[in-house]
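I have a structure I would like to understand better, so I am pasting it below and will then ask my questions one at a time.
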Amino acid sequence: MNTEYNPSELLICLASRVMEDGNTAFIGTGIPMLAASLAQNMHAPNLIAVFEFGGTGAILEKLPLAVGDTRTFNKALHASGICDIMESAQRGFIEYGFLGGAQIDAYGNLNSTAIGDVLKPKVRLPGSGGGNDVGSCCWRTIAIMKHDKRRFMEKIDFITTPGFISGPGAREAAGLPPNTGPYRVVTNLCVFDFDEKTKRMRLISLNPGVTIKDVKENTGFEILVADNVEQNAPPTEEELTILREKVDPDGLYR
Amino acid sequence: MENKCIPILYEGEGSIIQPADLNAFRELNRKKNKKLESKLMTEEEAVDRFVKSGDYIGFELYGTVRSPMNMVRALIRSGKTDFRLAGQGVHEADLLLGANLIREIDFTYIGLEVFGVSGNVRRRVESGDVHNVVEWSNAALTWRFKAAAMGIPFMATKCMLGSDTLKRSAAKVIECPFTGEKLALVPALILDVGFIHVNRADKYGNCQIDGISGFAFEMGRACKKLIISAEEIIETDEIREAPDRTIIPYYLVDAVVHAPYASWPGEMSNSHEKDVDHYNFYLSKQKTQEGMDEYLKEWVYDVPNHQALLKKIGHDKLESLKL
Amino acid sequence: MNTEYNPSELLICLASRVMEDGNTAFIGTGIPMLAASLAQNMHAPNLIAVFEFGGTGAILEKLPLAVGDTRTFNKALHASGICDIMESAQRGFIEYGFLGGAQIDAYGNLNSTAIGDVLKPKVRLPGSGGGNDVGSCCWRTIAIMKHDKRRFMEKIDFITTPGFISGPGAREAAGLPPNTGPYRVVTNLCVFDFDEKTKRMRLISLNPGVTIKDVKENTGFEILVADNVEQNAPPTEEELTILREKVDPDGLYR
Amino acid sequence: MENKCIPILYEGEGSIIQPADLNAFRELNRKKNKKLESKLMTEEEAVDRFVKSGDYIGFELYGTVRSPMNMVRALIRSGKTDFRLAGQGVHEADLLLGANLIREIDFTYIGLEVFGVSGNVRRRVESGDVHNVVEWSNAALTWRFKAAAMGIPFMATKCMLGSDTLKRSAAKVIECPFTGEKLALVPALILDVGFIHVNRADKYGNCQIDGISGFAFEMGRACKKLIISAEEIIETDEIREAPDRTIIPYYLVDAVVHAPYASWPGEMSNSHEKDVDHYNFYLSKQKTQEGMDEYLKEWVYDVPNHQALLKKIGHDKLESLKL
């Protein structure tokens, strides 16, 4: 068994570890799907995966390739539609939501709409999709990001999906449901949570071989650092085996 | 009674590309044919009879799954243009943008899923060929259909609050007259023409979908004209045996097109897999306009109809995709 | 074949004759069910019967006894739920709606809520049910009523279901969809339509053996009378045969 | 921005018997157990654990069809009282009123279908035992559930406009900020406890209903506590084989009660007919309070549980009702 791993495999394992057995997670395309499948095969056999277009409680035997493919409702407990899923989220039923984006700021706001002025964009991006809904309605959102200065910015060009917006109280003032918001940011360098008082991103753990300095140099805003920054364990042999042999045997993410 | 009112706290700056007239929609629904008459026709006939340039159109699908690509290709070949689009899409929207047929978009997601940003989206939006883009979340767009399906002019939601998505939408933020909380109101959206591909339908348009149903229920009830394409045509007796499986009843439907492999190169639940080879080929072509033009010429313009396309793909390839 | 008929049989036949082939009708419990079934067996094989709790397009081989019984979706084209049906009506899909009530006024307003003051009722009635929805949203409503002065009143105690409310323009002023409202009132004595100008009930046809005087004596408000009052044909032998042998073989309505 | 507002043109005079707090509902939904754990229990245990006096309760059914009468009888026997009721009902509401357990009603329809006015309704409402009645249409009440199920505080509708039903409701009439038309807004309704009888469920509470589904989908999502009774208990594998048949997923459910013939003397689609003899007997008894008291004593209070009831009805009778 080759215990070397690539950045995607690390991200998948880190995201997987956040997922809780017997709880609900809103799963988007890509890394969250692999993470959910890995979690079901590891510590969270009863992770309830919820997919945007209607699948709830599937057994992820084969890796879904899109949020609406047949595998998202494989042996599922419920196959409905996007309204049922989004309304369940709005009603408070979905604990974790996974998000991505082209840009993120210190408050966990995400941009997946446009680089530059949205009315005359330099780069037109794919848009919110369900991202805004996940960020608005799920209890705890986890952003999975590639870590560099062009992505971790002091001021992003467009808030597609609200994080803590401008800081403490801003979500509530905007009318978003109380006690919701960004929970973790998982990157190829580290994991952040959010400071209770300022609602800004705070470094809590480092990936193997990464230093606080590395993180700072690759982040376009000032980061908070937890008192005890922990070390993220590298993917275990068990994780890698399951990931490569069971979750992604075709090696789409290698 | 005293002069009470509900404060409008904020209004999005986006325009309402397709304002909903629910009374006109009622009149139209009243006139829709309720008789059990066959609506079977070809893609070309459906486009010819029910679509016109400038229409506000929409496709129901999830990513490349259950996508009525047969209708998209017929639409491109028809020469009709200047469409306005309900923008929740992947490959189908990409082809339409590649062919430069879209002028305005209610945009929630147009991309290539795990493959990211689409070259066609970038070229058309950044150049201004698409001259008006209004932003929404997926839920907001679907709830706009749902409002129309319910016959009401708006739906309330907590989504989009606090974001620039809201700012570039046409939603209005109010203070709830019952609870005092803030809500975004999103306006009903009625399509001129909607396109939905289903697992099976009878010739009248009673439709069944297996497994998840995306936004078929809502969008199917929010169209002035609804074109159904079906993997399989079944007898009405089969519909009547399991009426709880009908998701779109015939009276909503204007045309029924029989089209196996309609979603190709995308996949169809319970029927066939994605044609990964072709899709990868497509991904490489859409990067440049030249590549896209070549792709459209070879795989859309030069292929007269869906039957000819299936022949061009080849029997062996199609068989290999079967689930 | 006994061609004598009772008042219920007459009402059923009159209501049946209003039902149009290939059109939609919202069918309530009782006489409308028999009328719809008779119509499907006579002139309207493709009458699309719509039942409040979700049945659309059933073949009424056996008489439903309630708006939710299995027979309301017997070989139906669609079996959904009350929201789908009510929303279809609100969206304009249902042409005819059948109504009943304890009291009706000259504008076709109906009371099925309370006799006397609703806050201290002399008689508490069963309430709106779907009646208000049918009267608000269907294009043309048909009330089926027993005809006497305590039911046909100048002023009813409570408007459960709006007819033309207070006259021309009142429905539109209230916000109800344009071009909707009462179409016919079918009674054991006669049939009314509504005068275009005043929106008041107008006698258009008399049941066999009934005179205009009879109608006036049994109506608590001044009625308009059409220039040519027609005679309603009695139930035909064919109608009675089908009604008794096929629609209601158990004689529930005899 | 300028001071804009939406005029409130009219407010119904009825009270909101059960105001919806959507944020509290979110917190409650968050805490609901999402684990796959058996919730099988008896009617008595479900009532004991999840219902308390004064609760706002509701039953999903259509007339006497698919009515959770087993739960109603257990509720009456429990001694709990002073309920507030979502009043869309027939026999089940009639029993509760006969036993004088109801104090307030959101009233849309409580009657005996073709048999007209109910003696129990008349006695309890006319005497003031039910001290607060608020009027709604069937659609309005269901849309109130639907709003709660969607997680929003109200739904707009054209129903009830121009009627005294509106006047005695708690709806508010506004001018639409998008179209200018008049609309009634009806507030979300969240039940303290909801009761639904289904064709089949697994032990976790994943539920299937055959044919029409009334308002099970909406009400099932609008309850703080949801008690399911099921004609049949099936394996979860069967649920997983046809997930598009699940109408209520397990995580909404607090108790699963296995109860064949639960709807007796009413009927159950695909299962058994109405017991016309017994229902006629009931109709004759409910005319007077004395008769009703006798009925309740013999058929509810003196019968310890649903199994005993089935024994009392008798095997031959039950067999004869089978579809």
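Order of writing sets the chain letters: A, B, C and D. Residues in each chain are counted from 1.
Convention: contacts are C-beta pairs under 8 Å (C-beta built on N, C-alpha and C of every residue); 3 or more make two chains touch, one makes a residue touch a chain.
Keep in mind it's a predicted model, so treat the numbers as computed, not measured.
S.K.: Which neighbours do chain C and chain D have in common?
M.R.: Chains that touch both chain C and chain D, as defined above, are B.
S.K.: Could you compare the number of C-beta pairs in contact for B-C with that for A-B and name the larger?
M.R.: Higher C-beta contact count between the two pairs: A-B.
S.K.: From the C-alpha centre of chain A to that of chain C, how far is it in Å?
M.R.: 57
S.K.: On a C-alpha centroid basis, what's the spacing between chain B and chain C, in Å?
M.R.: 39
S.K.: Centroid of chain A to centroid of chain B, CA atoms only: how many Å?
M.R.: The separation of the two C-alpha centroids amounts to 28 Å.
S.K.: Would you mind pulling out the distance in Å between where the CA atoms of chain B average out and where those of chain D do?
M.R.: 37
S.K.: Please list all residues of chain A that touch 2 or more other chains.
M.R.: Residues 55, 73, 79-80, 83, 89-90, 137, 177 of chain A each touch two or more of the other chains.
S.K.: At which residue positions does chain D touch at least two other chains?
M.R.: 22-23, 151-152, 157-158, 181, 183, 211-213, 243-244
S.K.: So, with touch as defined above, which chain pairs make the list?
M.R.: Applying the touch criterion to every chain pair yields A-B, A-D, B-C, B-D, C-D.
S.K.: Applying the document's contact rule, which stretches of chain B touch chain C when the two form their complex?
M.R.: 22-23, 25-30, 32-36, 148-152, 206, 221, 236, 239-241, 243-244, 246, 249-251
S.K.: Please output the residues of chain A touching chain D within their complex, sorted ascending.
M.R.: Against chain D, the touching part of chain A is residues 21-24, 46, 48, 55-57, 59, 73, 75-80, 83, 87-93, 95, 137, 139, 177-179.
S.K.: What residues on chain A touch chain B, complex-wise?
M.R.: 29-30, 51-55, 65-70, 72-73, 79-83, 86, 89-90, 113, 118, 121-133, 135-137, 158-162, 165, 170-171, 173-177
S.K.: Could you please specify the touching residues of chain D with respect to chain C in the complex?
M.R.: For this pair, the touching residues of chain D are 61-66, 87-88, 107-114, 116-118, 121-122, 125-126, 133, 135-140, 142-143, 146, 157-165, 168, 173, 181-184, 211-218, 267, 269-270, 274, 323.
S.K.: Which part of chain D faces chain B closely enough to touch in the complex?
M.R.: 1, 3-8, 10-11, 16, 19-23, 151-158, 172, 174, 176-179, 181, 183, 185, 187-188, 210-213, 243-244
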